[in-house]
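In structure tokens below, several structures.
Shared between the two complexes below is chain A, which has chain B as its partner in the first and chain C in the second.
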Partner chain A sequence: MLSELRTMWEVLKHTFTKAETVQYPEEMPYLSPRYRGRIVLTRDPDGEERCVACNLCAAVCPVDCIALQKDTREDGTWYPEFFRINFSRCIMCGMCEEACPTYAIQLTPDFEMCEYDRQNMVYEKEHLLINGVGKYPDYNFYRVSGMKTATKDKGEALNEARPIDTKSLLS
Partner chain B sequence: MSELMPVILALTILIGGVAGAAVLTWFERRLLGVWQDRYGPNRLGPFGIGQVAADMIKLLFKDDWVPPFADRMVFIFAPTAIVVAMMMGFAVVPFAPGMMIIDVNIGLLFFLGMTSLAVYSVLLGGLASNNKYALLGGLRSAAQMVSYEVFMGLSLIGVVMMSGSFSLVDIVEAQTDVWFCFSQILGLIVFIIAGIAESHRLPFDLPEAEHELTAGFHTEYGGMKFAMFMLGEYLGLMLISCMIVTLFFGGWHGPMLIGDWLPPFFWFSLKVFVVICFFVLLRAAIPRPRYDQLMSLGWKVMLPITLVNILVTGAVLLWIEGVA
Partner chain C sequence: MPMIYVDGQEIVVKQGENILEACLNAGLDLPYFCWHPAMGSIGSCRQCALVQYQNEEDTRGRIVMGCMTPVSEGARFSLKAENATQFRKAVVESLMLNHPHDCPVCAEGGECHLQDMTVMVGHRDRRYTGKKNTYRNQYLGPLIEHEMNRCIACYRCERYYRDYAGGKDLGAQASHDHLYFGRHEEGVLESEFSGNLVEVCPTGVFTDKPFLKQYSRKWDLQSAPSICQGCAVGCNIAPGERYGKVKRVHNRYNDEVNGYFLCDRGRFGSGYLNSDLRLDYAGIKNPDGSFFAVHQQQALDTAVEWMAGKKVAAIGSPRASLEANYLLREVVGSKNFAPGFSDQEADLIGSIVNILQTTKSINPSIKQIETADAVLILGEDVTNTAPRVALALRQSVRNKAFELAEQMGLPPWQDAAIRNLAQDQRSPMTVVSAMDTRLDDVASTCVSLAPDDIAAFGHAVAAALAGETTDNTEADAAAQMLKAAKNPLIVSGSSMAHQGIINSAAAVADALNQATTMLSFCVPECNSLGLALMVADGSSSSLKALAKRAAKLDALIVLENDLYRRGDKELIDQLLASGTKVITLDMYENDTLDQSDLVMAAASYAESQGTLVSSEGRAQRFYPVHSPAAERLPSWQWLLRLAKITGHKKLAKLENFDQIVVACAKSSPLFAGLVDVAPLNNFRDRGSKIPRQTHRYSGRTAMNSDVSVHEPQQPKDHESPLSYSMEGLNRDQPASLIPFVWAPGWNSNQSLQKFQSEVDGPLKGGSSGVRLISSSQTGAEISPQVGKIILKPHQWHLVPMEQIHGSDELSSHTDEIAELAGRGFVAIGRKVAEKLAVTEGDGLLVKQGEIECSLEVRILSRVAKNCIGYSAGYSETQGLTAGSLVGLEVDKAWRRSGPEMIASDKAAFEQVIGGGGASNV
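Showing the complex of A and B:
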């Protein structure tokens, strides 16, 4: 009986507390930069596509909502010929972002992506690709990885040692 | 003119009761929102009061469907019974001096009789639905209401003994100096609890108990028939609040020490408003008891309290009479 009275008193005290509700359409809730919302494809600081079409995001995706096709540029680098995310399936788990070796695929703090037509939930590469670097402003995959590209050889990247000559015991 | 007065008042109560119940659905949700640190319906119109109209339009345009397996006649009759019974109960409520439909010398018994009739509505609704959840809800409501009826009546005996009348006007007049909520505090507590159980509102809404019985006795109801059940429930809430004010909080009298400087009807409605807010607070704060807890609370705690209350009240009254 006493605990019931105490409960009623505690609830009554809430007459003077402010409502927790965020009046959403008029008042936007704060979403942290690492919020897992709409997925984008980012570019590196030089403005090139970061995606190297390795397919890891599509492989890790638990609902199989990512589809892409690899193609090769003239300089030998890979890029996605098409990149398609079906957002009516996507569960915003962020595993694609974790799997991505080049920080290309990133989740953004945006959840307002309603459509009247289900088909419009399928985003193609032109919808996904943004003209920005996303959460990693200075990162360029080809500058830090050991990949040989048209402009540099193996071992010439940032913070990278020369490759070991496996044919020699003295190196 | 004086013969027309009850008719006008009856029409006013009919319209006011329905409108009041409609507004109460919104008001209760807003108040629950306040106590649960949220807003409740606040979108439509000023303070969201347009929600009332929206809900009514929705309910009016819903398919008025009777399940093929239900007992058609009883199924349709059940929701009307609760509204009629609760509306009849308002006939004896003294809103202000002279402002009541009928001043019968058994007003209190009439009120108890009418609220008892409301049991039929829930019971028949549950039975006619031909659905196991509805049947369980009806079964619970029958047991709950019949047992709480017992000490709902008994808890008022103290009031009747002190005022010496079953007439509600006499009871209010007897509280001119001191309200019965002090001398009959036990009766008040029991009457409030029994009143909640009688109007089957939370926390004693076991006939509905949406966590266990989907919606209890009105599982099969929809549209306006469901709205009638809700109307009956809110009318019951208002009626019980009116009776608590009349019997224990001095009816139309202003509070002691402050005096009667406002119109009697204003004092009455203010007090009813406070009691309704208290009922909403109960809903916001207290969880629903288990069914056996409800029954044992009734028979093992409430009934002895009322009997002790009657005994003590009677003894004190006889002692005062002996002294005087």
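Showing the complex of A and C:
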């Protein structure tokens, strides 16, 4: 008897507490910057695509929803010819972001991805690519990599010595 | 067998091997870089360090290099000892000091031996804060990409390229931490085996350039066991496919055939599979000469309509599978079936088959060729006609070195010591040819003779061996050389288009009359020998005979064969353009196809399965790498469906590929072994088919989602024991069913050692392939007659020169191969060049009767008297006939091609002219 009364008391007490329900979408919830939502491809500080098509995100993806094909720019640098994420399969686990060696792929605090047609959940590169650096403002992979690019000769990358002259005895 | 202890564990080892091999054989993971099973040890990378203890009481031990330490009874080692693991970790750390931050943009990533070893030793964080060394790269031709920054100085590339493959233009330069591996200047790598650098390099210094253009990671490639279609050697390959394209070809180990290495035609010559010339749909010819696409059924119905109750003949193909040829022969009947050889080729290969069946000598595998200690090559430039055999011949001349090493008590893996000991001493090799061959540099004697004289030379050697006295001292010397050898080898072939040479080679082999004598013939195409075996009973027709009957025929079926490459234009025109309905099955557009009335789009070797018989007589199975694109069908399926619709008595009962193999095996006692070539369709490994995809295959739910988000079921393979899936095990299955190599912790191709029964030994699943021809006791019957051609003044004997790049029909449709092939050429000696006042790159008119060919001049150092060579199989030389007598004249209208431009020049050139699309002429 006592137990039943206590239960009723506990329930009725909640009549006077503040409601936790949020009037979404009129009222937007707070999402932290690290929230794992819609995936984007970012650009480096110079405005170039960061993705070098290394395929690590696709390899690590547990639902295999990323497909891409590597292509080469005129200066020899790599970029994705196409980059496709099937969001109808994506589970927003963030492993692709963790695997990405160039900070290209990042998850954003946007979860509002409802579609009437599942086909519209397939995002190509033009849908994924944003005009910004995302969470990592400074990183540019090709400044660190030893590869020659249009703007950087051999030996000009971070922490690199000038190219060796193999025909010199004095170096 | 000695017993050693590794970390207290007793291991039985083989006498004479080193401790690294012993550890790998025992399944232990001991990291290494510079050691290679085919090239032995030099102890340069210091990676395979372990601790050796004096005895049971010794607790300190000393660090030794595994690859340089021979095993001995009771020796004690430790892999796990603290100082050994620390040492190995430190070695990787120092190798990584200068290694660039390239893995994401490196084509080796994901199959990199350096990555594997770094993870294996546990090195993680870079402590060194100094600057990294950098290097400039070189342009090395269209096949190999160079990125020198990634080098760890293991010397494998140089040891492979120079010591193993006999190349001269790649080596180590500079010293200490400035070591550089490259050419003395930029340029195309000269060796025909340069592609193996991709697999030999433990990191990404040398990578596959064509693959890089359409790159996918190893884990994303769908692979299947396949057989190279580039020549008749039958090397085992593993092509990798993604997004419907065959992206690269990797070596597939077969200890008796190709071992670890392929030639460049085999590795890079499959680019034609993705070419625009490929057919996607069947087509019926419009009156205006164009084709309109039809569905498979419509094509079959049309064919049946043209064939039913009519006179039908068919032409097979030495580049099609045995099964497809068999079905075609059964459909039209033996008498109406021509094998699709040119008539000359049919005689030559027919006689080779006959000799191989009757000779007392062994028809050797490549592994056996490597054991030869005296070689006589009659008329063949093996490097261009059977490249992988030439690589084996280069190893055979080292047997002298191994013999010396044995006398000194040196184990055969002591590579540097043995090379030092032997210096230039080689086993003898005599090359008798009309022109320079690519083996001249290792030959002890080179003899330049016209084709007829080569045959006479061969018979003279045979006579000398039989004890007759000859007045030919060179032939006597060759006979002495063969007589003194334990494993003599005679190599000849059909490339000179000369019956006498083939006969003389057989005569030499039988005159030797030794149980260990080896006789090897090079034949032109991947299934030449199989097809010759099929028509060995003599009941089949020939191109000439069919051309005579052409007017009476109602329909003619041509299987995967461009007939204009087989005979005179006139003869083929007569065959195709005489009102007969021509039905062609082929995979790409060619002249024969243009003359056809109905075309059926055939699947390539990467989309179908079949059996090929190599020049060794080894029948091997290839499997589809991916299911046929568009409306292509494997030829055998087209023909089986055709046979079923026409209600063919025998064939209508056959339901699947296995039943065709059984029927084919029953058709001739020579083919009895076919049923054992590979496991049947119902083979299962622990309940599953063998997966073509790696367990890390990515993108399955996104690859096709641009077309439809609803994922289709994986294609089903009902004909083979392989599946288009990642489910199942790729371990310990029969060798003919290994699609790729991978083992935990071993992502690179070095994981192969986990599939071998022992280091450098056969695979755990055996050696694949079944030999259909064995030598007999009767001895070959050879006519000793040799013709002699009398030349008029200003006449030359025309000698065909097969080229590794350019002479092969299919691979020459690959861009990179076409670039290397260059223009069709005529090869002359220095004296003739002086007489005609031409230099290399000028033009000459070669006049053969009515036909005139304008060809580029190449000047050779060694040419037989009155002989000139021409690039066989090129489109420019298609009218020329081997062995004919021709005139020469300077071509006044000739325009020299521009100087060859290398990448850096091109970039500079484009900058100068403003980057506009300039051609390099």
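FYI, the second predicted complex is superposed on the first by the 133 of 171 C-alpha atoms of A that agree within 3 Å, B and C clash if a C-alpha of one lies under 4 Å from a C-alpha of the other, contacts with A are read in each partner's own complex, and residues count from 1 in each chain.
Everything below uses one rule, namely that contacts are C-beta pairs under 8 Å (C-beta built on N, C-alpha and C of every residue); 3 or more make two chains touch, one makes a residue touch a chain.
Nothing here was measured: the structure is a model prediction, and the numbers come from that model.
When the two structures are aligned on the shared chain, A:E4 is found in touch with chain B, with no touch to chain C. Look at A:H14: by the touch rule set out above, it reaches chain B but stays clear of chain C. Touch counts on chain A: comparing chain C and chain B, the chain ahead is C. In the superposition on chain A, A:L31 contacts neither chain B nor chain C.
By the touch criterion defined above, A:E160 reaches chain C but does not reach chain B. Contacts of A:I91 after superposition: neither chain B nor chain C is touched. In the overlay built on the shared chain, the residue A:I130 is in contact with neither chain B nor chain C.
By the document's definition of touching, of the two partners only chain C reaches A:C54; chain B does not. Contacts of A:Q69 after superposition: chain C is touched, whereas chain B is not reached. Contacts of A:T102 after superposition on the shared chain: chain C is touched, whereas chain B is not. For chain C in complex with chain A, the touching residues are 100-105, 109-110, 131-137, 147, 149-150, 173-174, 178, 180, 212-217, 219-220, 243, 696-703, 705-706, 708-710. Against chain B, the residues of chain A that register as touching in their complex are 4, 7-8, 10-12, 14-15, 17-21, 23. Chain contact summary for the complex, chain B toward chain A: residues 33-39, 281-282, 284-286.
Every residue of chain A that touches chain C in the complex is listed here, in rising order: 52-56, 58-59, 61, 63-70, 72, 77-78, 82, 84-86, 88-89, 101-102, 118-119, 121-122, 124, 141, 144-148, 154-155, 157, 159-164, 166-167, 171.
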